[in-house]
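Common to both upcoming complexes is chain A, partnered first by chain B, then by chain C.
Now for the complex of A and B:
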């Protein structure tokens, strides 16, 4: 028996006898440091740009809802003095005034608030209804033919035609706009969730729950939804800019909110009329709109990437 | 180290590989050394996470992006490959002089190109020959790896090949450039036993014919005994013992190797507790002090926890890293050896009675069960007219290859499917078809299931406490919250988990621990009957014995009846009373465990038995490999019947075949 690379340290013969066996120590592994949510958020916030965008969006949302607290400028206050009309951006009016002498900066924030409200409502209804229907659809094969037909019909009609028609039939109001947009979005979400649910419905842990007699409702709420919650967040985040954009578009073609309502769509639409003389009246509110929608899209997509376990390296 | 005239073709010295994993450093390989000589087959054995795959990937510069070789050298014919910096340098070696065969053949082949083109491309790239020449050469190679009709198959796409054939194609691509070394990374793990035996045979033949050196990575000691000349055992990123296959299997010196061999169910005696390695493999994120195996080794010495053992030479070809070989430990080592010898003698002396069927009650009767699934317009019969009984207290094993319908039978019994044909009776009552709520509750409590994949069978987003008490919640099997907590704690203790773990999430556990959580979840319902769906096949060798012992113990303590589903006949032999062999949705043979091994009758059973890699180099490869071709049955005129040929031994066959089987038994 030869020995290789004999250590310089002196070995104590006493050490060569049985040690106490510790059962807990043998089980001690802490096998993985992996936690889904921790890894998702670490991946998500790893990029500086995402951090900046999240702060920016939070700031804009806060600002739009708290603006009436900071400032007492009335966004609907018209001026009869000719001098107040169509003012260029200045210290008193940061975004200038429109042709009725209303402060565009204030209008933009009030408009953003209404747009956000609309966006949140649409996101809630689309994703909420979509998820419930999607769960039922995923679990019930019999719904397939009906739902697929419905999906095809609803998605093949161009959304603009549909929105314009609905908005035209009903009186223009926040509710009309909400109904016309929400009546359509849910089915796209439902199909998305159905596909996701189908892919995890038959995994072993759900079969295990079935063997234990867990009700379908509990399987959906406890086993399935927690697994797709990140998708739900992502879908909701992407729904918001889409509905804000739709509102602007409807305002633009003249079937959006009533003219006296302050929304980003109406502001942009009104600015368009005088775009050649006073481009800032449209460009500045449009800039805020762009920042909101683009930021939401980027955040939504980055979150989708981050929530994919394959990117958790 | 070695005074041999031969110089190694590949020599890795103190290789250290680190991974950056989510901001933490994982040391996957901690100073591993190995030597490979010309024309020999070296098997590297280790559990998942031992670093065996990563270690060999570093020989061809194919580490993942977040991994890095941080120390050591790898000499390939006296050239240190760790000095390579560019991809171009690696390409001169990789594929051409050192080729690699991976576990999953589908990922190594391009699905949209014919297999012939893929191999020809490799030849053109490395030898700069014309297309026609490359094609000729490719067909030669395809013939060499045992692909019939090579000329026509040259023009076929990977999806037109079966799993085993695909792996042959991958091997063909690997040997296309006549490499000096072929590294096979678990090439048969994804394949069925019968196909595995053929691939092993092929690798052995090719190695001799082309005079290659082969590095064979596997976790299966049975395969090692069949394929290797030399064996290196890897644990926690180090080669802990290395020697010829006979030295490793017959005179192991490292406690890990010894424990691994002793915990093999193939070598165990039925009815006795299997030797099991305690605990779980170490966490390589932490720094390991001393011998990595020490915390799991009941015979560890104090020194094992303090100093890393050096390499001790046992024979010119055999060395190990363990303090047991140090002169100071001589006395202690002798003590252990003496004690182990006594123990095994005692175990062998105590025979265990076989299950007594003379007055056993039927617990479950399955009559003419068929399950079909809709598939691409047509109907696919996964289970085809199957009948058998399960007696109270026995373990009946259902053995078959993938796609044979064994899991489907298990799930049909658990009433997972809405529609099945045939009847299932539990305790004399029919349980197929619509049931009342009360009846369903009773059945859910009496019948439970263990699952195969510990990773997929637990809800990742729920705490262990919820997972285990899911069934309790469903049927309100507790009076108050305290009672529920107590039940959970008791069951956790019973399966060997600390009740403190209840507030953790599944991802904090290792595979074996997760499997025990899954078992606890089912057991808390206090079932009488359990369908165990391959509960050990996804586990590491060192963990398997723990789970097998647990299942056996639970069976005795709780008087359970098991339907044990498995693909590995050799493991099943250790735990079952009766075995049913299933192929293509039909049970072809059912007999007493010993009877089946002693007198297998059906050609499929025989083929399956001949393909089992037995973990003993003296026995391995001695049996002739039999193949089973379903077309050998002539059932057009004379249909098969399910016949009890001798009491307790059932077989599927037509009258002519049955006469043949009777003759075989000497009746």
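Now for the complex of A and C:
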């Protein structure tokens, strides 16, 4: 026989007494001071790498917009002196100069600013229009046949057609690039949001909430919007690398911004032409471009993870 | 089932027709000067130019042109290229170019599936360890960095490192390796990313815990339960991928100067080669609509839980 069975268990009457019913404390039990946004940001900033990336990207954005303020280097200034062409990176020209003697460091920052502007505009229109259309689409199943048809048609028309056509009507510019890129982005986003809203709307917790008599308004604001807002931020963040990549691609194809416009796409594509002799002309601006796209990609994905309530503790 | 297929076929026909008519009409908005070659602009007078356009039927009402095009199409006459490859029959052009692109596409698709799924499996097995981190790095670079940049760097540095030619030669098989691998990188990353995500999702399901409780080994659960369920959402894209391999990759075919279909559509749009654009858009639209349709059929075949025809309730 083991000793445990022989041990007598005595309850300390001081420690074990019946609780007195307290109305105030009984209300307390189901309450936790959970706040969706606080938890999201706490989870998001828990990782030091993410903090560093956010600081880095804020720095790059500030730098690209403020560069013209504290530097008077003209990114379009060509040099007629042979010695100024194709200079290697040095103290005066941090990224060297290109074949026309233009300072690549200055061009990279002006280009980054234009790429950011394009990216922000695309993000705003794609995600903004896509979200509104997607919300209506998700709530109105009657729109399904028309919208699916529209989606199939829009995604099958090559966007180069709009781009070339617009380039004839008005000159190729920021606007034509924006229109042709935004022309199909919104419906892709709309379909994404529609699928999400549909699955959230019909998920068990919402049906349960509806059965318990929660008002429509409360379901939308408390149960659906938090999920959608995180997706909106994620999609907007992912729009930046996408639009920068598209701009580089269009420049490569030869239907992008005019050659004298300063964009990251143009700088990289021009650097590619002289890559064998002067690799730094492409690699250094491309490094800035990659830092921007990779940082936004990571931030977008990490934010999506952090905003998922299942990851909150 | 037959009713479902019939309905889908009709709707697909509608989609393709709308896409085609839209592109056809958009092309008619292009300026007439775009149809002339450079020497024609310099040398020919107004009357010659007009008779040139009249001979091509470009001065007729767009609807007349559309009718003529459709009539010719049903007689098996695809027409001739206007500006990109002047007077070459489009059928000859496609017969020449599609096999090259399709061969590369097929090889890279197989590489993509084999290596993508293997990478995904490795990442799941070593979750949050070295293999997983390396895989994530790879996916991050491929998806966030504009493809032109890494493809160009691969072309320049890896070809020197492996001592293979930088351009494509149809009589030197060692010049085919790099383009095929480059072409598969995107799909390797795509398959690895989604297989990993879906498998991680499936791992937390109750049936997996049940299978483990029953005493199945870890690898048997992985293989028989998790993998099979995780692969289902990926299967739906297989038919589209397979059919659209003939559209090729613009960037890779331009970089390695492969005589395929990759840049054909964009070049044709830029040069206002109406006939070529119309045929290509029609072809790609039919294939992509067909691909989606086959994907839906395939997923119903693979996953018995999915029913294509909705129950009447």
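Structure notes:
One rule holds in what follows: the second predicted complex is superposed on the first by the 235 of 313 C-alpha atoms of A that agree within 3 Å, B and C clash if a C-alpha of one lies under 4 Å from a C-alpha of the other, contacts with A are read in each partner's own complex, and residues count from 1 in each chain.
One rule holds in what follows: contacts are C-beta pairs under 8 Å (C-beta built on N, C-alpha and C of every residue); 3 or more make two chains touch, one makes a residue touch a chain.
What you are looking at is a predicted structure, and each value in this text was computed from that prediction instead of being measured.
Within the superposed three-chain model, A:81 lies out of touch with both chain B and chain C [touch as defined at top]. Legend: residue contacts after superposition of the two complexes on their common chain; A:255 is shown touching chain C, with no touch to chain B. Using the contact criterion defined above for the overlaid structures, shared-chain residue A:35 touches chain B, although it does not reach chain C. Once the two complexes are overlaid on the shared chain, A:214 sits against chain B while remaining clear of chain C. The larger set of touched chain A residues comes from B, when the choice is between chain B and chain C. Judged by the touch definition given at the top, the superposed model places A:241 against chain C, while chain B stays out of reach. In the superposition on chain A, A:164 makes contact with chain C only, not with chain B.
Touch criterion met: A:268 reaches chain C, while chain B stays clear of it. Applying the stated contact rule after C-alpha superposition, one finds that A:49 touches neither chain B nor chain C. Residues of chain A touching chain B in their complex: 1-7, 9, 11-19, 21-36, 39, 42, 203-205, 207-215, 218, 222-223, 226-227, 312-313. Per the touch definition, chain A reaches chain C in the complex via residues 149, 152-153, 155-158, 160-162, 164-165, 168, 241, 244-245, 248-249, 252-255, 268-269, 272, 275-276, 286, 289-290, 293-294, 296-298. By the touch criterion stated above, chain C contacts chain A in their complex at residues 11, 14-16, 18-19, 22-23, 26-27, 29-31, 34, 140-141, 143-149, 152, 156, 250-251, 254, 263, 265-266, 269-270, 272, 277, 281, 284-285, 288-289, 292. Those residues of chain B that touch chain A in the shared complex are 1, 21-24, 66, 278-283, 285-286, 294-307, 310-314, 319, 323, 325-329, 332, 411, 414, 416, 440-441, 444, 447-449, 451-453, 456-462, 466, 470-471, 474-475, 498, 505, 507-510, 513, 518, 521-522, 525.
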